[in-house]
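Got some structures for you, see below.
In the two complexes that follow, chain A is the common piece, with chain B as its partner first and chain C second.
Right after this comes the complex of A and B.
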């Protein structure tokens, strides 16, 4: 495929939305109250909707009979290229919110640049997604503030979640071969340029939430190259269950 | 208030209902009317919330992205229904916390159908088609019920339910027209969900304790048996259309009555599930109570944060 880099680049964006949407989907019906349950499901719906748009475009690039579901469901674990952050489990509500916040802050900055992509399909998807992700970011950062500056217990839980998840933030800025090629073409976003704004945004919110900024300089990476945490296999088990058990059927 | 005055108010109240006027939260109402409505509306709200669980069970495993998104949206609609029904119930002078307490301690009931497990993807189709189909038949008359907030909530609920029902039927149709495995999955789901769906209309009229009073207050417009018959008459041709067989050897069209005759419902099973001994009663309750308990610190934090914010604001102003 001549567009291989473009195809890989799209998967990189799509897999983040797919995997985070899947994680949030696990919580539907189990939230701390009805309003938050509905909000988390909303975010899941937005992310899966975005993932569908990206996968449909990827399927079109791949050509032949390829459909969105073939790409979304039928790759091996090593072929999924989402960042490690989004596959982290729903350990408790603080982790769910922490994961969302650390991703949303990046996602919003990323989409604000991606809307200027020279690829008109990608640009259109990004434009639509910005509205949704602005809401996600407001929701998650409001909850970081509530939990951080709530009770002693909630502060501790929120701080633990941020400390544990911080190690996955640096990978958001790693650039694969496909990323680099797409930056040169004016299609992709040069994420290196977003790093400062990203950590600045986190710092502001965490301060307001009366939380400490983690000082650790050790970061995990691998997802973007298909090397995932141990959680990923179980997530894919669920995601792929029907497509693997009953191959080649229409649903 | 003297007994005569109360009698007079009651007479005026019954006359308003007879004239099809809506009763609003601030209007005077007999205590029994209030209690009956709290019971029914909360039972309905609880059913929506517990009903999220069997379907939620398939969100992570839905077979395609399109189906996953539709299922998520559907389960979210149910959360929304729960929300307006709890709000309608709160207008009768009971708090959401009290209502949850009643659910969690088993004092309040929810629809027994949700105590059955969803074991295959086809169960998601069967729930939409049969369970939502039965719910609509039960609920459409409630759009004209006498209590205003309930009637208004039901208008919206019914619109969404009818969308869910079509979506469920479409899942079943796709399976029934699919591979032998898919068709078998669809038939198996119909076999398991058919009888519990018939039980959703409640005991036979002879056994139903609430029917008479509820008919008077327009909480009910038709009896359990009439509604059940309507469901059967409507659903059997749909099953035939997609080539599935309703699991009732006694099912037969009756030219004389213009309705289907049907076999005997296993009421022992119904009462067993109502009394807490269905396949998933314990799981459903554990899931609800668990979510509530795990969420306690979150709700406490939100309250504490709101109070801090308020007091900072007050200080600034002061």
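Right after this comes the complex of A and C.
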């Protein structure tokens, strides 16, 4: 049972990286300019690399013939347990940056704790990832400031994106059964303890970006229990296409 | 340099020295610091490598290149990917740093200086073409995840900067 919780816990972390990596990967060749295109795809690569490490470990736990690709590509929508935030589409560049910023701020705080996990594999992946995610956070918060404190138009777009995406932030701190079990074992991170620091970090950056802090107290949830927004189906369609069309395809 | 101790059997060094990072061909994997151990048992060699970045697409190629180089030298080889301790730019050797600069990639600065440079606060990254420090950040992410893109204001040459990873 405990092993099953560990498996589910790993998927929770891995799916966030996989799905956000997929979203950013969509911008390959389609970024607003060459530099941001390369940046977004580089971040995507980091996230997919991290996801791979988690999936490899998950496959090992599951045992038998399970391969990392089976877990990454062949689950149904309800079996993905990423937060709703990361599956939101690249509506415009402000949304891409807003989504990244709201996730990076969490991701960094999360990994800073996860590196102390009692599970040595998880701790090793976290220690590796933390270095990469510090760069992601620097990139996304830098752009929030540039767009927020930019032209009237860029400010409006950045504000709209933050307002819309804000509703997905609370879910980052929801705890599933697996989360709770792993906290007890000293393997997982007690995200409730990160909440204050998270909103504090957001507030600081948004202030500097001359943006308003959304006041809405109503939040969306569901992804961590496999209930996703409409966008997820389309995303999975793209993500799974090769494995579904050519089963067992390998690079 | 605070390189962690690595165990590489002496007779394997000349072989591994010839294997390079496919994205930075001037740099051998030993100078890069990605080989964590290489041990011989009978005629079997076990090599442990560590990725520079989690998603580094070069790792598979490096693993294959190591195996074929060792096969050519008459060894059976196995390559294992390890994540701890996590790779840092401090593990790039002095010789490696010089090779990077000669190739046109500015070597990583220390952690604090790196931050200043990547936030565009200070002009400290040296142009690999003319040596001037009058350079500007073009993009925090360059041609690969491990590099940022800079341009020299004096000679106009664009160049890569290898980001500090600690």
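Following the convention adopted for this analysis, the second predicted complex is superposed on the first by the 245 of 251 C-alpha atoms of A that agree within 3 Å, B and C clash if a C-alpha of one lies under 4 Å from a C-alpha of the other, contacts with A are read in each partner's own complex, and residues count from 1 in each chain.
By definition in this document, a contact is a pair of C-beta atoms (placed from the backbone, for glycine too) under 8 Å apart; a residue touches a chain by one contact, two chains touch by 3 or more.
Here the structure is a predicted model, which is why all the values come from computation and not from measurement.
Trainee: Counting only touches as set out at the top, which of chain B and chain C does A:52 meet: first, second, both, neither?
Mentor: After superposition on chain A, A:52 lies in contact with both partners, chain B and chain C.
Trainee: What is the contact status of A:38 with respect to chain B (first) and chain C (second): first, second, both, or neither?
Mentor: Touch status of A:38: both partners.
Trainee: So, A:28: does it touch chain B (first), chain C (second), both, or neither?
Mentor: Once the two structures are laid over each other on A, A:28 reaches chain B alone.
Trainee: For chain A, what residues appear in both contact lists, the one with chain B and the one with chain C?
Mentor: Residues 35-36, 38, 42, 45, 48-49, 52, 251 of chain A touch both chain B and chain C.
Trainee: Going by the contact rule at the top, pick out the chain B residues touching chain A in the complex.
Mentor: 49, 52-53, 56, 59-69, 72-73, 75-76, 79-80, 82-83, 86, 121, 171, 174-175, 178-179, 181-182, 287, 290-291, 294-305, 308
Trainee: Going by the contact rule at the top, pick out the chain A residues touching chain B in the complex.
Mentor: 22, 25-26, 28-38, 41-42, 44-45, 48-49, 51-52, 55, 68-69, 72-73, 92-93, 145-147, 149-151, 153-154, 157, 238-239, 241-243, 246, 249-251
Trainee: Show which residues of chain A lie in contact with chain C when the two form their complex.
Mentor: 35-36, 38-39, 42-43, 45-50, 52-53, 120-121, 123-125, 127-129, 131-132, 135, 138-139, 142, 251
Trainee: Along chain C, where are the residues that touch chain A in the complex?
Mentor: 51, 53-57, 60, 83-87, 118-119, 138-145, 149, 163, 165-166
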